[in-house]
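Inspection log for the structure reproduced underneath, given as structure tokens.
All chains are identified by letter, namely A, B and C, in their written order; residue positions are counted from 1 within each chain.
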Amino acid sequence: MSALLTVENLKVHYPTRSGLIQAVRGVSFTLGRERLGIVGESGSGKSQTGRAIMGLTAPQALISADRLEFQGQDLLTLSPRERRALRGRRIAMILQDPKYSLNPVMTIGRQIVETLRTHESVTKAEAKRRALEMLEAVQIRDPERVFGLYPHEVSGGMGQRAMIAMMLICGPELMIADEPTSALDVTVQLEVLNILDGLVAKRGMGLIFVSHDLRLVSSFCDRVLVMYAGRVVEELSSGALSEAKHPYTRGLLDCVPKVGESRHPLPVLDRKPEWAA
Amino acid sequence: MTVTTTSPSLPPGRKHRKTEKILLDIGRFLVVLVTTYLGLLAVTFFIGRVIPIDPVLAVLGDRAPASAIARVREEMGLDLPLWQQFFLYVRQILSGDFGTSVLTTNPVLTDIARVFPATLELATFGTVIGTLLGIPLGVLAAVKRGTLIDQLVRLVGLVGYSVPIFWLALLSLLLFYAKLGWVAFPGRIDIVYEYTFTPITQIFLLDALLQRQWDVAWDVFRHIVLPGSLLGYFSMAYISRMTRSFMLNELAQEYVVAARAKGLSESRIIWSHALRNAAVPLVTVIALSYAGLLEGSVLTETVFSWPGLGLYITNSLQSADMNAVLGSTLAIGSAFIALNLLSDLLYRTLDPRTRTR
Amino acid sequence: MTTGLDTPVLSRREWLLSDRPASRLQAQLGRAYMVWLRFSANRLALAGLGIILMLIVVALFADVLAPHNPVQGDLRNARLLPPGTGSYLLGTDDQGRDILSRLIHGSRLTLAVVVLVAIIAAPLGLLVGTVSGYAGGWVDAVLMRITDIFLAFPKLVLALAFVAALGPGIENAILAIALTSWPPYARMARAETLGVRHSDYIAAVRLMGASPFRIVLRHVMPMCLSSLIVRVTLDMAGIILTAAGLGFLGLGAQPPLPEWGAMIASGRRFILDQWWVATMPGIAILIVSLGFNLLGDGLRDALDPREAGQ
């Protein structure tokens, strides 16, 4: 099987004054050219898993894994320099809120061009042409204008499209999307998701979609991992959501109200210490 | 008015709003400028005319002849109500009449014009040193947070915040001038050159370099290096501390994570992303530090016999020359106001978010 | 794990750190204890606190501690003696006075300056800021414009001019420094007030019929106190330095008062041969302002962990 990414027993620990905090405690999965969702509540370690794959955890983090391979390349033994060369070119990441994740004092165009020129030696004109192409690919109607705008001058949905453009311009094989639509208005969420979905499908990329929204993820991904307290408690194919067995997953599913349903008493999410064990 | 069809093209209305906003900005700018300056005048008026029991004595000194006292009393309009006096005072200051100095017998404005370039040169020298050292040190401390370098930068900054400048000046004179003989003292330039060297801009270092008089330039440098570096140290303490704090703030932002995810090198992230953002508030800090040095020169110039505004103020204080003291206060106050407005303008040009949309 | 449900006997520490305080007092003490824990973990801050406590002790017991008379020297036998001569630990000045004794007595002046300036400037700034922030509207606009005007002025030079008009002397120096140092407190208090003005608890107090005066005094001002204390502590060093500067220029305390800045000025003439006369008071100023800076930094980090280390 030609796996894009193999993760085996990944652990992310943070040493603090009051002891070791175990953010991720042995996560394993393999990813082909498919869409994998990682779901969990805040603090479940889903974002830390994504960042560990990117190599973007805080400097004091201790990362260990039996295997952490990207296309047969062991990520853990790479030098920081080689790791950096992968980022943005072959593995990219989309962050939650474009309001904070785009540099406020740089035009959108420059930020997109910067990714390209970091990894490929192209002329300025060529870089601009490709950036405009990329803006068009994320369905921005007036790329020339948006190219020269600052992040605060565009809406959230537009900003997130610019973010996608910035991260996809080098044609990465793996994309990690960390809550890419959580900060957006509900009306533009689907738009952005569709754009992302279309590009992932067209380019045959692998996608890790990190979110707290189980239904959104299951409608969008091929497979879903449910994380709790740093561990994967259940793996589901998205069609088989109703077959979820783990009480935590069931709890997550039951959180969502259905039309015409009576909710008395309101269900509370169970958290049992033995699930984390 | 009846409802008219709105044209689908936005630009004219938009342009109108833009000009409106610019006009509003200019208006606000002027209000700030005028009220601040009136406030400054009110304070100096209060100090010069209201606090002293007899302002005429305060202006002329107690050895002035009776006729002069009577004339000045009338000139100052001391029999008028206070607000009219203030009005007269404002008019007088705005016409450039700061009164006459008892000590030098020159018009105060002439004196200030003569001594101010020396202070400007000193403060600029200090600010350049402070900025060139303070920003890299602050960035380094923020990037290497918690390490020995960070502690060292912090210590240097703390001492800068805690040491009396005039005391450090005395000790450094003792060391570098008296014991080691590395620097020249006192004044701005050696007496030998004072007659052969004709400055144009009154910024001696610049003048000497422009005229290619290398020996003069070297002499001027030997004079300015010690007081200038001292001021530079204080400026550096302030700038490095603020840079560190701004950079820590910026490095914790999400766009830094995004820049890393793009695969940028750490140095590019630090210097061209984070620092570019930190530069926005840093402009204000540098302007404040520059203003602080203009003021700090009062204590430094006294120690180094530097013939600038600070020495002029101290000498005037010693002879209770109120016109000169208040004139200098106005001069430094005006410089403060100008620097404040300048930093405001720079802030706006550096931060696209404050530009008109 | 024990199964008994009888009330456990808590240690004092546990009582303080309880997350279910039984009384308001316990909650307040618990909070204070947390702040102290954070503060005391910072060794530099503790050093700063130690320096300030020392200053207070020395100022209180100056009469007992000083080995010699601070104003009357031994002109015949003890002029300009180097440190360590006989009973003169830090040497003597040109009047034959023991420098150590003068420094010890001078600590009273230093303490008086910072305390008085703080007592005048901090409440003034707090009042202007809270009223401005709570009232809003044109009151706010006018008060803040005045504050900004004062902020735009050169503090030291303005203090100089004030003292020049009022006449030299320590009281006038204190007044001049206080008059130029309130604006930052006003700005800060206003920002804090704007933060709480629309909070629910203020609305609740208002619904209960509290007058604006009472709301500002009892419910808004206390919210500003912790940041005000930090800010004032951090400013103490600057106040000491300004006072010393005025003293150095002969505008602060007048002779024979043992004010540290004035002592440096009088030692200036002997700097080449009798370096200690000017050096010792400078070291005293440096240590005390360093103490205030360290204390202020520590307090800020302890009271506002969010900004710790910045």
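Convention: a contact is a pair of C-beta atoms (placed from the backbone, for glycine too) under 8 Å apart; a residue touches a chain by one contact, two chains touch by 3 or more.
For each chain, UniProt lists the protein as follows: A = Peptide ABC transporter ATP-binding protein; C = D-ala-D-ala transporter subunit.
Computed from a prediction, not measured in an experiment: that's the story for all the values here.
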Open item on the list: Tell me the chain pair with the top count of C-beta pairs in contact.
Closed with: B-C
Task: Most widely separated chain from subunit C, with each centre as the mean of CA atoms - done: A
- [ ] Starting from the mean Cα coordinates of subunit A and subunit B, work out the distance between those two points in Å.
- [x] 49
Task: Distance between the centres, which are taken as Cα means, of subunit C and subunit B, whole angstrom - done: 26
Task: Centre distance in Å when subunit A and subunit C are each reduced to the mean of their C-alpha atoms - done: 50
Task: Residue list for subunit B, restricted to those that touch at least two other chains - done: none
Task: For subunit A, residues that touch 2 or more chains besides their own - done: none
Task: subunit C, residues touching no fewer than two other chains - done: none
- [ ] Over in the complex, which subunit A residues touch subunit B? Could you list them?
- [x] 54, 56, 84-89, 92-93, 95-97, 100-106, 114-115, 118-119, 150, 152-153, 163, 166-167
TODO: Flag every residue of subunit C that touches subunit B in the complex, lowest number first.
DONE: 145-146, 148-150, 152-158, 160-162, 164-166, 237-238, 241, 244-245, 248-251, 261, 264, 268, 271-272, 275, 278-279, 281-282, 285-286, 289-290, 292-294, 309-310
TODO: Using the touch rule from the top, collect the residues of subunit B that touch subunit A in their complex.
DONE: 253-255, 257-265, 268, 273, 276-277, 280, 350-353, 357
- [ ] Spell out the residues on subunit B that touch subunit C in their complex, using ranges where they run on.
- [x] 32, 35-36, 39-40, 43-44, 47-48, 51-52, 58, 145-146, 158-159, 161-168, 170-171, 173-174, 178, 244-245, 248-249, 291, 294-296, 298-299, 302-303, 313-314, 317-318, 320, 322, 325-326, 328-329, 332-333, 336-337, 340
